[in-house]
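The structures come next, written out as structure tokens.
Below, chain A partners chain B and then partners chain C, in two separate complexes.
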Partner chain A sequence: MELPYIVEPRKDTGLFNSKLAIWLFLASEVMLFGGLFSGYVFLRIYADFPWPERAIPVLPGLINTVMLILSSVTVVFAWSELKLRNYRKFQVYMGFTLFFAAAFLGFKYVEYTTKFSHQAVKMSDNVVVEGHVDYAALDHGKLVYGKDAKKLHKEGAEKIKAKKIEYKVEEVTFPLRFRMESRKKIINKILKQAKAQDAKLVDESGTEITIDYLKEARKALYDAKKKNAIARRDGLRDAWKVAKAEDAQRIEDGKQAEKSKGWQLAPQVKIDESVLDLANETASITAKFTKPVYLHFGRNDIRESEEFGILRDGTVVKGKQQKSYMDMHIDAVDFQYLAFDAKQKGSDPFEAIEKSWLLSGDHKYAKHFKEYWDKHLEVVLHHNHGLQDRFKVEQNVTTTYKGEKLYLPLREIFRINWQSLIAYDEHYGHEDHGYNKDYSTFNEVEKSRKKNVETFIREYFQAPKRVFPHLKIPSKEVHFESSLTPKWNNFYAIYFTITGLHGLHIIGGMVVLWWFGFNSRKIYDKDPEWLANRVEVGGLFWHFVDLVWIFVFPIFYLM
Partner chain B sequence: MADGHHKQGFVSKYIFSTDHKVIGVQYGITAMLFLLFGFFLMIGMRWSIAFPHEPLPAWFTWILPDGWEARWLQDGKVTGETYNMFGAMHGTIMVFLGVVPLGFGAFGNYVTPLQIGAADMAFPKLNMASYWLYLVGGLVMCFGFFEWFSDTGTAKSGWTNYPPLANIADMQAPDQWRTGQTQWLLGLVVLITSSLLGSVNVITTIVNLRAKGLTWFRLPFLVWAMLVVAFILLLAFPPLEVAGIMQVMDRLTGSSFFTPTGLYTSQVGLMDSAGSGSPLLFQHLFWFLGHPEVYVLLLPAIACVTEIIPTFTRKPLWGYRSMVYGVIVLGFLSFIVWAHHMYLTGMGPVISTFFQTTTVLISIPSVILITSLLISLWGGSIHFRMPMLWACAFLPMFGIGGLTGLPLAFNLADLHLHDTYYVIGHFHYVVAPGILFGLFAGIYYWYPKITGKYMSDLLGHLHFWPSLIAINVLFFPMLIQGMAGFHRRWYNGGDAYLDKVAGGETENVFAATVYQFIDLNILMSWAAFILALCQIPFIINVFGAWFFGKKVESDNPWNATTLEWNTETPLFAKHGNFDEEPKVYRGPYEYSRPDHDKDYLPQWEAPQSKPSND
Partner chain C sequence: MADGPEAIKAARNTYLKVLFGLLGLSLVTVLVAWIPFWHPSWDPGKVGFDQVDMIIGLAIATFKAFLVGYIFMHLNHEKKSIYWIFFGSMVMGFVGLMGITALAFWDPIVFDGFNLGEPILKK
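Presenting the complex of A and B:
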């Protein structure tokens, strides 16, 4: 017996096998993406941070939407050409489908990489700045920033992302719990930096610490542990035997009515410790540098303290924490988090902004950002008056500024985005603060903001080259930092998860469609209807992937 | 597929086989090995519960490598962390890698296509992929037992893997890929993919490959059950896959889907994460699968019993149609009861009431199934062969399991019973003496078809009777302890409370209660050890009977009526199953028809005279 209904549909169900299967598979896919979108709803409803809106540029998303729809159309054309037995045309349409899919992925790649290279920092007072991290350089092992770093870079120094924490380390303690294989990266980083500073890490007897040294130390530890574990276990078993025998004896002697319970005997049971090899059971190796060494670590790799730091694998570096910075060019300042927090505390967000480290801290950039904020506030108030004067808006007060009701969305009030920063620079100038408050200047600003949005693609390549304001944040002011990856907040987390899975579906679909279009001639020659069935099924999947995007686009790009 | 009858090599015939029967047997053997391993972990746990101060006995530790003992045991005793590892992996293995693959994987694969008269599954290659993905996923989940794969042992946050506990567990490890907790999630995602492929395959096969004349209401009940199970797997598993993917993201990319704001732990300090995540979201996604999963476990077992009871009572199944409708309703309802696992999360009384209502509703179809089976026994001429013994034991055992669930369904009663040994007792009654007994019945029943040999009755009895007694001694005291308030996750069985008791007199009421019931631990643990011994005759039986068993006399040794008995025996790797296309003339359980000489009338037997007018 052979399997039926591969090509012909079964009469009573009206389906051939794979068509039924793909609908079932799509049902499970609906549940998969349904689960993810419910997750999105849940996360957004319960978010305790200002949920980013319009954080992803709309235009490329729109282009992608159009392209996916087109590819869904061409895949149907391909199928119908196959039904008409035009193999060449079928291949051409399949080619178009694959082209659109590839272009979609291309745009996606650009979107992803812009986000990944974009840094965000939440400071201790909840002010958030976004931008691009500068590079630091090493001067005799010590981190230097800004102009000094640039000079060293020109001389060929290594570029280091300026978001490290620096220690002047004298002593390192390596615990031996984890295998060296998974710690190589961390330990090698320390050893490499020491070597560059002509220092060595040595143990008490003066032997140099290497990975192999640690491996051997760990092996010795675990050999001793093994031996001791067996000795302890056997010792305890014997001790229990003795204790139970004694207990039985006591009953026999009439000193005791019934058998003791385990927990009653337990305190009497002792292991004979003398047989153990405790000397080798040292759980860590402590080593000293021949001279103090500057070591820098990623913020996420170390738990900080003034006098020491603990690395991810438990390694402890002892020494003074140095003053280190996050050196950035800022392309957005976001007070929404601060406003969110102030609202919960019932305090005035504008006062808190004035008092924040960014605007009034003891650093040379404070004045600069204060100016930006003042300009922004002017624009906001101007806008607000416009709303009141022209449209007589009286509802939906979002917040109040010095007793004045504001109607703009909080995002417009508390976030200065890169378009605004550029606009303020262009029209007010860095130096000249006495700008004209009349409508014409205001409209200029608005026009420039709009123009920037409309020409996203040009700006994508230009924006990084613009000189954005510079900011050096001492690492103790940094509360939480991340590039715009899933880590930064749950908006990006769910965005990357859903679009990432969708992207995987696109890639999977491309492989299948390519196979049907360009590697299935044999099946076509054998039975063209069979191939048509396959393409139909593949096309159904492709439509589904398109449909998912139809949900993704408004939810992540527009809402 | 359309490949010819060419000769196959050993590897493609028995290992990377696309034949549903071989795959079914592969599923069965793998699942039983996993069950054995899960059982082994449980023995370690039970030792720790009953004898927390004594080192594990030599008959347990001989299998452990020394390094393992040095890393995970303390003076040969089970530590809390190790107990958690065992507990999490016991649950995972038993549910995901043991019972589901045995019920749905093995019986679903071997029996279903035969009962509908199909040559194979609709997609044989996909079927093979399902099995291998299952094996890979299962092994990945167990990687943590080997130091070479994992720095931190296996997953240790319970089989439910609740965050934020599961999110922060092993967070101190330098390489997140090399932690049992992450590997558990990755294994889970692979495993779910396997189930999805399998369920698509089973549904397509049942809908499209039924033999001529096999209309929907002529399908054996097992096929209906498998259809419902496949739909549950198809639709309920993806949300868990979502939860798995999100948790992997949390662990590997530092997102905070399930990490609340300001989470602080002694191991890592203040979590370096954005926060704002929702641990409750995970619970919803988990139990959206988790509860339907119970029926994925149950239905194959009940299906096996349903096939066996008519055969050994020589009497049609009572209420076939109501059972079919019952199982469909059960499948639907199973999707809207999940939050009864979450009464204590503070969802609010409205939602609790809704889920309480649906939970009580779902007992109706369950009772229909069990009652129909019970009434089917009435007035039958019962042959107590091995499969029938197991099937008969299934009914009361599953009954206890079901009835003890009622107090848990009501959220008021659940306030007291939540997370106690009562819950453990309840679901173990459902799964072990209930479902596993049903599946054992299935193994004894179809074994002659697979191998052409009967399993030994003597060994069967040695397996059955002690198991039945031991398993009740093991699980019934759990209900008592649970009502007394014993918490389900005590690694030392409540021993820590005894310090407060001086000679049984104490003002600490709870300590006094623990003092009163703690000795049951020893009884239960001995029952567990004996239960392990009782499985030895079965293991000997399964492998021994293959070589030394009594040969079957005909292709239909039990004189049953469904299509799988219309094939040659032994039926293992035969391509295409049936020599000629089978035709079906009647329903599946035509036993003892008054108008027929023999006491059974198979589905495939052509009517001799012209059909009567009924």
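Presenting the complex of A and C:
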């Protein structure tokens, strides 16, 4: 079949059909992305948290901008080569386009995975720390952290992300409401942990709890419910019969003029449940461990309390909550949330920072963090004096510290980023971060760099690059934790939505351009102008994707 | 539309110029954003990011988008119907949808939460 108007323009529109079609499609795309950008503006205006300005490293974004601009040029060059009927050169340019697109996706992948692995914790006093979660290990079922964990890992113990909540459990109650299939994961986790500690979970009758046993119990519950419903219905039916017969009897005896209505009889209709043969409806099964067992749960899987915890599926574990921690390497300390909160309450953020758990709490590294903060304040004030004296900045005070006006952006004042942490750490020369000496510190790596390149490479790539300040946050201090994903805040939500959708457009565009470039020789042989038109249409889509990125880049990386 | 071989070759020169223009403007956008770090008093508005920086950044981005649309997407010689389709959607997408956000800004949606008695303050 011959497709109409793919080379020749249609008379009424003056365009070949696919061009009109792609422009209509692009129009819908403009509205799609327009809606999302509008959503971004809305979220930002109404943000009830300090919006993370310039939180994403600029360089990967800039490189990606360059990649897309280059690919835009190569695609338009590919089209012009087709117009000049140079098929080989056309393919070369198409190849470059695909290469740049792949590079774009590569950088995007690195950016995304970095965000996914980066942990943020908001503490009860609104102090935010960011970093990477360390690993804990199990010592006879109990979670251990730090050095002890490292020792066990060397002996081959399993690595567990150190952000669990631990209980010493004696008793578990399984509600039977929900289907067991959907709860297998949770129940098996409990049973597996118990098995590892040589404990069994047995109910009152002495039967060991298994998924099949719970399934049977659930079936018994619903069979009993069904049986009882039928028994109640039949009992009610009989009661009505009796009531109606009594009513008829009263008319016969002349005590009553006419037949009673249903609603008049209803109060007399009663069933005696003790007479009915009702089965026992057991709604839950309570089981005890043969000895107390340490169980750990994901923070999102349990609602905590001192004496018990409720899991997602309603299972209740009874027992003492243990001291559990989030064991982290801190690479940023963010007081912006605290300052934001203090401003709303009308209190002084700097006082609140001094009082925070991180700086004055009862933990080993409070002193270190106090030193970091003092040093940071010193640097902030130094910069502020520089702004006043050297650059004569006199307007737009952002906050005041002990009566002194500060002009730096709040992000610079209230956030200690990783570069600063390293610098302050070197200043104070902390060596003990809770780790063995054989985990080399940044200083040592730097020294070895001076020794020779070989040792540098060996130490840099084999040992952890750098031990950031180490912090064990007790579970009760953690208000909210998440990796830098949509869960953390709306900024990441809209960031992943827009860039993710944009990335999907890149992938789609790559498939189409690859098809045109490397799988369309037949079309070229039949009518080169047809292929040229196809490439032009594909190119239009590609330019549009570039056009979206032109806005994404400043909005997410620079603002 | 550049159709003859000569016209296409001439157009390719333009594409290259636009390429360098776009790369240069990208760099300028980044430099403008980093002004506070190398010369704070040149930073328009507040030190650091503020509305003025936003307007400059978006103005440059809009000009870049214009270059891509006008030259690469051949809007410099296109049929009238395409202008109608594209700019129509722009009006809808940006003016219309942003307008809804702006409307919410002037006439905010206020929600006091579900607490009926004393306001619950976080500690």
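Criterion: the second predicted complex is superposed on the first by the 456 of 559 C-alpha atoms of A that agree within 3 Å, B and C clash if a C-alpha of one lies under 4 Å from a C-alpha of the other, contacts with A are read in each partner's own complex, and residues count from 1 in each chain.
Just so we're on the same page, a residue touches a chain if its C-beta (ideal position, glycine included) is under 8 Å from a C-beta of that chain, and two chains touch if they have at least 3 such contacts.
As the structure is a computational prediction, the values presented were derived from the model and not from experiment.
A.B. asks: Touch test for A:L20: chain B only (first), chain C only (second), both, or neither?
C.D. replies: The answer is both, since A:L20 touches chain B and chain C.
A.B. asks: Report for A:A248: first if it touches chain B alone, second if chain C alone, otherwise both or neither.
C.D. replies: So A:A248 meets neither chain B nor chain C here.
A.B. asks: Please work out whether A:F551 is in contact with chain B alone, chain C alone, both, or neither, and reply first, second, both or neither.
C.D. replies: It touches chain C, and chain B stays clear.
A.B. asks: Between chain B and chain C, whom does A:V275 touch in the aligned arrangement: first, second, both, or neither?
C.D. replies: neither
A.B. asks: For A:R232, is the partner it touches chain B (first), chain C (second), both, or none of the two (neither)?
C.D. replies: So A:R232 only meets chain B here.
A.B. asks: What is the contact status of A:M31 with respect to chain B (first) and chain C (second): first, second, both, or neither?
C.D. replies: So A:M31 meets both chain B and chain C here.
A.B. asks: Under the stated touch criterion, which partner chain does A:A283 make contact with: chain B (first), chain C (second), both, or neither?
C.D. replies: Touch status of A:A283: no partner.
A.B. asks: Classify the contacts of A:N300 with the two partner chains as first (chain B alone), second (chain C alone), both, or neither.
C.D. replies: first
A.B. asks: Please indicate which partner A:I507 is in contact with in the superposed arrangement: first for chain B, second for chain C, both, or neither.
C.D. replies: A:I507 contacts neither chain B nor chain C.
A.B. asks: Looking at chain A, which of its residues have contacts with both chain B and chain C?
C.D. replies: Dual-contact residues (chain A): 13, 15, 20, 24, 27-28, 31-32, 34-35, 38-39, 42, 46.
A.B. asks: With touch defined as at the start, can you tell me which chain A residues reach chain B in the complex?
C.D. replies: Result: residues 1-6, 10, 13, 15-18, 20-21, 24-25, 27-29, 31-32, 34-36, 38-39, 42-43, 46-49, 177-179, 182-183, 185-186, 222, 225-226, 228-230, 232-237, 240, 261-263, 265-266, 269, 271, 299-300, 303, 312-314, 480, 482, 485-490, 492-494, 496-497, 501 of chain A touch chain B.
A.B. asks: Help me check something: in the complex, which residues belonging to chain A touch chain C?
C.D. replies: Residues 13-15, 19-20, 23-24, 26-28, 30-35, 37-39, 41-42, 45-46, 53-54, 58, 62, 65-66, 69-70, 72-73, 76-77, 80, 83-84, 124-126, 341, 345, 387, 391-393, 395-396, 398, 407-409, 411-412, 539-540, 543-544, 546-547, 550-551, 553-555, 558-559 of chain A touch chain C in their complex.
A.B. asks: Tell me, which parts of chain C touch chain A in their complex?
C.D. replies: 2-3, 5, 8, 11-12, 15-16, 18-19, 22-23, 26-27, 29-30, 33, 36, 39-41, 45-50, 53-54, 57-58, 60-61, 64-65, 68-69, 72-73, 79, 81-82, 85-86, 88-90, 92-94, 96-98, 100-101, 104-105, 108, 121-123
A.B. asks: For the complex, which residues does chain B have touching chain A?
C.D. replies: 1-2, 50-58, 61, 66-67, 69-71, 73, 75-77, 118-120, 122-124, 147, 151, 172-175, 178, 196, 199-201, 203-204, 207-209, 234-239, 241-243, 245-246, 249, 253-257, 261, 268-269, 272-278, 281, 284-285, 288, 495, 498, 519, 576-581
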